[in-house]
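Following: one structure in structure tokens, then a few remarks.
Letters A, B, C, D, E and F mark the chains as written, and numbering starts fresh at 1 in each.
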Amino acid sequence: MFSVTVRDHMMIAHSFRGEVFGPAQRLHGATYVVDATFRRLTLDDDNLVVDIGRAARELAAVLSELSYRNLDDEAALAGMNTSTEALAQVVADRLAERVQAGALGDGGRKLVGLAVTLHESHIAWATYERAL
Amino acid sequence: MFSVTVRDHMMIAHSFRGEVFGPAQRLHGATYVVDATFRRLTLDDDNLVVDIGRAARELAAVLSELSYRNLDDEAALAGMNTSTEALAQVVADRLAERVQAGALGDGGRKLVGLAVTLHESHIAWATYERAL
Amino acid sequence: MFSVTVRDHMMIAHSFRGEVFGPAQRLHGATYVVDATFRRLTLDDDNLVVDIGRAARELAAVLSELSYRNLDDEAALAGMNTSTEALAQVVADRLAERVQAGALGDGGRKLVGLAVTLHESHIAWATYERAL
Amino acid sequence: MFSVTVRDHMMIAHSFRGEVFGPAQRLHGATYVVDATFRRLTLDDDNLVVDIGRAARELAAVLSELSYRNLDDEAALAGMNTSTEALAQVVADRLAERVQAGALGDGGRKLVGLAVTLHESHIAWATYERAL
Amino acid sequence: MFSVTVRDHMMIAHSFRGEVFGPAQRLHGATYVVDATFRRLTLDDDNLVVDIGRAARELAAVLSELSYRNLDDEAALAGMNTSTEALAQVVADRLAERVQAGALGDGGRKLVGLAVTLHESHIAWATYERAL
Amino acid sequence: MFSVTVRDHMMIAHSFRGEVFGPAQRLHGATYVVDATFRRLTLDDDNLVVDIGRAARELAAVLSELSYRNLDDEAALAGMNTSTEALAQVVADRLAERVQAGALGDGGRKLVGLAVTLHESHIAWATYERAL
């Protein structure tokens, strides 16, 4: 099994609903350093899982829809606790849609899995992993 | 599959028995930077795998039982070569006991797996992974 | 010259005023991983610049006054563009006040300098350095 | 499941063939920071997956055959696009050969898997994972 | 004193002349992870040392003139051993020229110093520091 | 001003005397990831501050005298609280002696400064800086 990972980041504001969140119920924010991992069973004719430049551009495109925003005001995320793990799924699912729409070319359709990790600090991160 | 990871550390002394260990047969020590990863198939009602603060507190509690100690003198580890990989299992199993005793709440019982990585330096680390 | 550095973090929301900030004029947020460096010309009687545990507690106390907040609503920061470099100064000056008030003990008064670095992502950080 | 990882690096020149590679079709180079992960279901009599020193020596030996070279001129890689993911497989397969030849001792034959990650920069890396 | 640092990278091939370089006399290559630090005594009217986005674009522009190239063939570097420390100076001097030509706006002329660090691996890096 | 830094590590046991140390008064240990920085005003004829391989070997030699030991039993450190900052000085002074004895060649005598940083964990480190 092969995989390629690209890293980027986004900076967002948000708040949480629920006593478990303590002070994080207040409006605050986060930098998420985001790692997107693309998996393939075999390499393509160029010996690639995916072109790293192209993968980086797709990840940047997904993150640009979330970054520099207050997620509490985003219609697409209405009523959702945008925890690190939930946002990892949002990013992964949006990347998956792009891959399935051909954004990574025909080769992208040979990808078998996708994992997205969001690092919220130097001491905590979350991952969502899915099939493609 | 979702996961959340929290990072902490412990500082211990120990020695090893067996020629394979070379100079590490002498009493020496290590800082272990410890990553504990909790896995769940779906998120809970708060959109979490586990509350990061609560997970961090449980990891800190487990590490406080080992840190600032000479592991050669710990009754619970008597006769054991406390290699990085063996200690990863000790930490994981103690965390698992806490989870099963309800330390992470009812949601903790929905966790399906746990992985613990101990980084012994910038160039070596070990992981133990188990079901929950 | 000796120095000791401790690392912690804070998670905040804020927005910027000024065209130079582009999309960062919108309400967004950041995790700042914060490094506080304490400098002394010679070590104290315990062979320390500062006790690491004590330094970490003071840094945590300063960060707890800022973390999990929307800095746009903080009276102490009213009318201020809370850029990474400006916040580095805020944190450093508040730490310096604590040191000068004796929070690090008598030894703290022998400190000659303080530097605070705020990492806003894996690709950008800022530092403010001052005398004590 | 247990694993142990050791890190080393190599510095190589190479070029790629194929329009997808853009400017990387020119002769350029890379530092690959290489992580080799060895997996075992249970620990050996010394409580190890593999001796870290021995694993590090084998990894260094494999990398010394590639480092400080122009991979375009290596007979063993003739006609191959030496992408990060393809090189991860080269390193993993050469390590596997050594393990199977007994380089890690009898215990090495109990290893069940091997993963090799090549970090080409702070924002991109690739992994190849195989059975042993 | 304030500073802001931005990180980027370049991937190059080169070789060295001189016995001290051992195997690095052969054509090989490196990824340099590059940190550029800009220093100012006071902040500008926007509370900045330099706009991070603008600083990142200037650094990227300088690196694009070197990246994906064999430095042995670059006329501007003819006859030069392109060691990590020497390249740090090349990058710093080219950035300084851009700053002095106004690439960072009028505020850029208030910068007092510039430091460039090139990381050649996880275990070695070099810095060149100069006035502006 | 130019500098070159090399990284290595050591693993030691020790204990501290003094109430300020709390639980660290017990025998425990640490991995110190050690960065040694060599400074020169100008480059030598090979365009180097110091040969990275040679610098790495000298650092390794100094660390091998401390690593895999209980520092409480080292005659050379008798009666000394081997805090991170104090050990940074020990490593720096021993490196300086080697440089002054010619271990880095004639060029080593042109070095003007040396800094040694010991990272005791992901959240704390200390530096000692001296002239040469």
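Note that a contact is a pair of C-beta atoms (placed from the backbone, for glycine too) under 8 Å apart; a residue touches a chain by one contact, two chains touch by 3 or more.
What you see is a predicted model, and the numbers here were worked out from it, not measured in a lab.
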Pair in D-E, A-C or A-D that repeats B-D, with over half of contact pairs matching by residue number: A-D
Of A-B and D-E, whichever chain pair has more C-beta contact pairs: D-E
Chain whose average C-alpha position is farthest from chain A's own: F
Chain at maximum distance from chain C, centres defined as averaged CA atoms: D
Centre distance in Å when chain C and chain E are each reduced to the mean of their C-alpha atoms: 27
Length of the line joining the C-alpha centres of chain A and chain E, rounded to whole Å: 31
Separation of chain C from chain D, taking each centre as the mean of its C-alpha atoms, in whole Å: 41
Residues of chain E whose C-beta touches two or more other chains: 7, 120, 122-123
Complex contacts: residues of chain F adjacent to chain C: 16, 18, 20-22, 80-86, 88-89, 120, 122-130
Footprint of chain A on chain B - complex, ascending: 1-8, 43, 46-49, 51-54, 56
Sites on chain A touched by chain C in the complex: 7, 9, 11-14, 23-24, 26-33, 67-70, 120-123
